[in-house]
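Right, one structure below, let's go through it.
The first chain written gets the first letter, and so on, giving A, B, C, D and E; residue counts start at 1 in each chain.
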Amino acid sequence: MTRVKVIPENKKNIIDKIIEMSGENIRDCMQCGKCSAGCPASDGMDLLPHQVIRLLQLGQIDRIVESKSIWNCASCFTCAQRCPRNIDIANIMEAIRLTIIRCVGNSRLKADDVPSKVDCKMPQQAIVSGFRKYNK
Amino acid sequence: MEKIGLKVRARAKEALENREVDEVMGWKKGEFWYDVYPVFITEANEADDLIWDAFCVNNLSKYLIQKQKENKKVGVFLKGCDSLGFNQLLKDNRIDRDQVVIYGLPCVGMVDPEKVKKEGLNKGLLEIKRSKDEITFVTKEGEKKILGRQFDYDKCLACRYPNPVVYDELLDTEIAREVSEMDRFKDVEAIEKMSITERFEYWSNQFSKCIRCNACRNICPACSCEKCVFDNVNAGVSSKASVDSEEQFFHITRAYHVAGRCVDCGECTRVCPAGIPLDQLNHKIMKDINELYGKYDAGVDVSQDAPLVTYKLDDADSFTEHGKGGK
Amino acid sequence: MKKILKSQISQLWKRINQSYELFIPIEKDNKVNFSMWQEGDQVNLEILKTNSSPKNIIFPQTETYLQFEKNGKKINMESVGGKKEAYVLFGVRPCDVVSFNLLDNVFLREPVDRFYEERRNKGIVISMACSDPEETCFCSAFGIDPENAVEGVDVATWDMGDKILWMAQTEKGKMFTQSLKDLLKEATEEDEEACVQLKNNIKEKVKNLPLSNIDMKKIDKSMKDLFESSIWEDFSAQCLGCGSCTYVCPTCHCYDIQDFDGGKSGERFRCWDSCMFSDFTLMAHGNPRKTQKERFRQRFMHKLVYYPNNHGTYACVGCGRCIERCPVHIDMVKVIKKLGGEL
Amino acid sequence: MSVEAKETVMGNKNEFEPLIVAFCCNWCSYAGADLAGTSRLSYPANVKIIRVPCSCRVNANFVLRAFQRGADGVVIAGCHPGDCHYSTGNYYTRRRFSLLTNFLEYVGIEQERFKVDWISAAEGNKFATVMNDVLEKVHRLGPNRKLRDARWKR
Amino acid sequence: MQRIGVFVCWCGTNIAGTVNIEKVIAAAGEMPGVVYAKDYQYMCSAVGQNLVKNTIKEQKLDRVVIASCSPRMHEATFRKTAKVAGLNPYLVEVANIREHCSWIHKNKEEATKKAIALTRAAVAKVALNTALIAGEIGVESRALVIGGGIAGIQTALDIAEAGYEVDIIEKSPSIGGKMAQIDKTFPTLDCSACILTPKMVDVSTHPNINIYTYSELENVKGYVGNFEVTMNQRARSVNMEKCIGCGICTDKCPSKKAKSEFEEGLRNRSAIYTPFPQAIPNVPVIDREACIKFKTGKCGLCETVCPAGAIEFSQEDTKITKKYGAIVVAIGYDIIALDKFGEYAYTNHQDVITSLEFERLTNAAGPTGGKLVRPSDHKKPKKVVFVQCVGSRDKTERGKTYCSKICCMYTAKHAMLIRDKYPDIETYVFYIDVRTPGKNFDEFHRRAVEEYGVNYIKGMVGKIFPDGEKLQVHGVDALTGDTIKIDADMVVLAAATKAKEDAEDLGRKLSISTDTNNFFTEAHPKLKPVETHCAGIYLAGACQGPKDIPETVAQASGAAAKAIGLLSKDKLVNNPCISEVDEKICSGCLACTKICPYDAITSKVITFNDHGKITKRVVAQVNKALCQGCGGCTVACRPGAIDIKGFTNKQILAEVDALCR
């Protein structure tokens, strides 16, 4: 098990950019887990929201990038509503997605092939957040 | 006004004869048509010199302080504005109400000699008589009647208390003068509209006229301190020099000291030898008090606490953002 | 005798202003006072008496005469004050000119007041006869005839309506007139007759002024009776103790010396003081004149009794300013008459 | 570092050194100033504090005297209404200096030169922000020439 | 000429770091009246103070200026030093060149200039100081304790033991407070009633203590040693002397609908009730809203059945005014409202209860006689879930930012008690961190986990919703990263504590300040935890911040010690910087009397010789004992006849001049 360097130098500016983009202070998170407990989309997530924030705090950006969680997040803001430290986790998820998407060509899905993925039971929330996530 | 003059004399004579009072204060005619001065009579026969005409402008109530130190019971004739001054002296415990008998005189307004001179009507003028708003000029050549109040003092034109607010006897029927509350502080609003440099120019020009004679302080019924801070050298507050900053200090402090106590009788402006419109300073403070802490007329109700010696929990203020105070 | 047309008078001001400071009655906010003339000021020669007297020009209300600076424990001092620039005082009425002489008696006697002396020497006083004395004037009671040039004035002028007649009196006045000879024309005979004519009807007017019938002899009683007269009691009861009468009076000359403590630096100045104030002549034990009666008496006794005993002339010039400015209309003439037992 | 020090350091010789006199009430604002000190906050050195028992002790003469002696700004800081150690002191302060604020502005004195505010013992940073803000405004207004006594040389 | 000594302190490097001490000394030497200027590393140290003492004697100084830290810190110290050296203590001034100068400004040259200015102001002020003698005021040897919980009881007992009279004023009908509601106490698990009720009996029987229950504080006037307190004793409608506490009236009373506050609403009570059987005083109270007699005028059954004839419907609220020397505030705490926490479904499901309700459920004297049953259907629960930090450590405005300190311990206690009594019940505790900072606290928690098998899950509960008979609890295990679902029968929420509702307006009555969470602010968080800024008023217990019983009792004894220290003095030295009237100048307008918050100024008639005539005049006079030296009167006095010693008009003007130089 290789030892991981806490907040490696090269990752520092990405973390600061995410904090700056989301406007949230991730150091405020006390890992209480309430966001993960209440997250409706947590079943499909390999990394629970509080673990994503933990990894962000430790600067392990690569493991976040590989995870599916940031894409499963439906931006329903339940977590933001309940977080006792007033952190807007959905906003941070959005910021992480943006950093990935903004590396050119990394868009997960083109806008026009979203309709094919949509079935009638998909809640509008997911569709809207889908558009927002994928077509940048 | 002559009819009332006779009543004044009769009342004074009667009061002195049957010893109701030790002394009566009234007005007496001097050399010239405008020369009327306060007089203190103790003998009944002197009462015949008393008069009541268009120049009895002096407020007699401030003399009561000295009279009461000689613990005399004094009868005094008071107009509307004088009675406000009287109440303010009462509120400051400078005089004792039951040592004074007040004969109230409703007043239609006093004539300003400067305005008569400005019109050039003072040439060869012997006397001025007034009944209600009709003014007769008695000159060597004959009489001339003019209707209207254009010769009255500005303060009389804006007078809100023509009838005495406190009296033991009223020697004339009450007078009704409607004065619009709206433009009471027109003069202040005009100055407030100026830019800040204009205002400073205006006031520093006015203050530089001051010759530090203290007439405005000594005539004012609200300025009745035993030893004024400006007379007290070791208060270390100001000197007698007539330099700009001392004059500024004197006038700001004087206006501030009579804040909530000035009865708006306009005497300070009348007596100022340099002609500084001092009442515009007092009006500004009155306007602010009315806006910030509710309408307050000094000298009307002796029992009501003055604005600066009381407070409300939710008072507005004019220095914090949420202060809701007027600017 | 010279003359100058009123229409050219403004050039005269400009000319004088080039080499002198010109003090002249100027009207501002409908009050006329002697102040330094500047282009565009509204000069008012018609008014009989300026609001406060020209005394302020030769004996200013506040004059700093010593400045000191502290560095460390040492103090270095520097004498300032006095007036360096020459000036011309135009339009002074005869009564005010006499008041200058009365002030000279006080300030130019040993020990000479060097500031006052310097101001007096630097100045050229040009008087103007009173064409139309007011009812509050009573200068005739003190032997001042308002139509003639008063002793001690440099130039006397008469206002003839369209022109001003100009007659130099003293050496300084002649020299000054000389320097203005291109502006001043020679006066013709008619001008001189007109001037004599003017003088006579001024005399007439003065005679029937209401206050002209004062007989000063009546108050030449012993100082003791005057001092203990009963009139002071009721007069002082009226008096409010403000300083208006003393500060507008041309002959009052009392002053107080005070320091301004500026911390590291400071200055010593003298400023007018009024015997009416409660802290006048404040000594260690307080003011020797404790009540308003004594202070009131002091003012009038000084002008009508003490000063004449010291200098031989009354210290009042009958200008009537105190009568106009007193808030309660206390009147010098009434005091004189009452003191003389007439009223 | 005060505003001037920055400028003098940057070489532009701006010699206007504003002076702010602050009257701080002993129980709240003076303690707030102490707290600003203990938490090493910074506000310019031009602010000089005078301790008074309560904000109701400050007389209008002191304010005028400070302006006469060349102060460019005067600040009065007291407890929040309701918190006064003497229970009603600052209610009177509020009335007295509401009138004086409006009156000085009426007579032509820039309003930013005279600031009254409520600073409690726990508001160290509010103390620093108020002082920085007042100095910033006064610095923009320039030296106080209107009320200053010409005979006073600093 | 004055001989002023200036002493500049380095304060180690705190001042010397950014202030050039030599320059300050040099400048001080130049100031008017200064004859001696010296510096030292630590002026407040013994060496520093000796330096001052000896210099005063050697140089015959008559005034001293210390340029050091804030006068709020060491003014008293340096005044004592001067006193010991024979110099009047009020001839010492302190210039604050640390908090207001060296700590604030980094630029050395600027900080030095400012230090010199502040020192010059202090010298200018001290030059005008006059020697003042502190006056003395009497002390009322009686204390008032506000609040009848364990804090109030302990304080009252300690003060009474010291021989002083104590009054306890308690808003609810009986003393006991929150502790009376609790079943067992951690960490020793001894029964709360067993340790509380004996103390309550001591309090009720102690000759020095009188208890005013069912009464509230109206207003407080006066100052340390001489507080005048007005209490409003609400009408109990029962005569305290006659009532023998038999309880017949409470049984017979027909109106049973009112919810019992003591039982946290889990049981109803009659209109005439005693909160709990061991209530002290054991006299019932008629709740006038619920009582049929008061509402409709009919009934009055309790009056007829009462053997002692103690029922008095006509009783009125009575106002009691008494004088006290010291006041101790011990009004305790409350639980926050949970209506904003929708995710826990507290408001819409009976089986979601707070820990206090749980205490009542498990209490033998409780509504269920100690049997743990579900409030909804009274069945025995099989799974009980505890949720920690409900509303605590919460930055949103729903909750409180602080940690409520006692929840971890009492939840461990609850879980342990369940496992001990009903081993078959599964207990789960969702926590963020378990905080067990006290003596034997962590061992207690570990016993709950190891011996009694309480499952601790690190992670918060996301949502609770009714699912048929059960309650679905959705949480997360932050350590393993799994989301967890438990279908529990009962959920206990450890709700945050908060200050009492009326804490702020009580603070205003006593003129002591409250912090942003409405807990009372202590004079100094570390050095004066039981005192307030207002002399003579002390704090005890949870009203000053979340606290458990051991700390509360410790603080109560601390506050009692302070009060006893105050009451033991028969004379109190009062602050001599008070106002004084110059009768020559006073014109008797008495504006000052209207301003004075302590009504310390009254009028009197003086006769004096006015130039030969004897005249009488009204002037103001200051009652030295009442005046606290706020200075409001000096501004109302236009001629400056009234002035504050130590802060005179001339002194402050001198300071202004010095600062503007």
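Here, a contact is a pair of C-beta atoms (placed from the backbone, for glycine too) under 8 Å apart; a residue touches a chain by one contact, two chains touch by 3 or more.
Just so we're clear, the structure is a prediction, and the values are computed from it rather than from any experiment.
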| item | value |
| --- | --- |
| Path length in steps (a step moves to a chain that is touched) from chain A to chain C | 2 |
| Co-neighbours of chain E and chain D - touch as defined | B, C |
| Other chains in touch with both chain B and chain D | C, E |
| Geometric centre: closest chain by C-alpha means | D |
| Highest C-beta pair count, chain pair | D-E |
| Centroid-based (C-alpha) most distant chain relative to chain C | A |
| Rounded Å distance between chain A and chain D, as computed from the means of their C-alpha atoms | 49 |
| Intercentroid distance (Cα basis), chain E paired with chain C, Å | 74 |
| Interchain centroid distance [CA atoms averaged], chain B/chain C, Å | 31 |
| Junction residues of chain E, two or more chains touched | 595, 636, 649, 653, 657, 660-661 |
| Residue numbers of chain D (touch at least two other chains) | 60-61, 65, 69, 82, 88, 92, 96, 149, 151-152 |
| Pairwise chain contacts under the document criterion | A-E, B-C, B-D, B-E, C-D, C-E, D-E |
| Complex contact set, residues of chain C against chain E | 72-73, 261, 263-264, 290-291 |
| Touch list for chain D against partner chain E, complex | 1-2, 5, 19, 21, 26-27, 30-31, 33-34, 36-38, 40-45, 48-54, 56-62, 65-66, 69-71, 79, 82-89, 92, 96, 120-122, 152, 154 |
| Residue ranges of chain B touching chain D (in the complex, touch as defined) | 188, 191-192, 196-204, 229, 237, 243-246, 248-249, 252-253, 255-256, 259, 281, 284-285, 288-289, 292-293, 307-308, 311-313, 315-320, 323, 325-327 |
| Chain E - residues contacting chain B, complex | 584-591, 594-595, 603, 610, 613, 615, 617-618, 636, 638-641, 649-650, 653 |
| Complex contact set, residues of chain D against chain C | 69, 149, 151-153 |
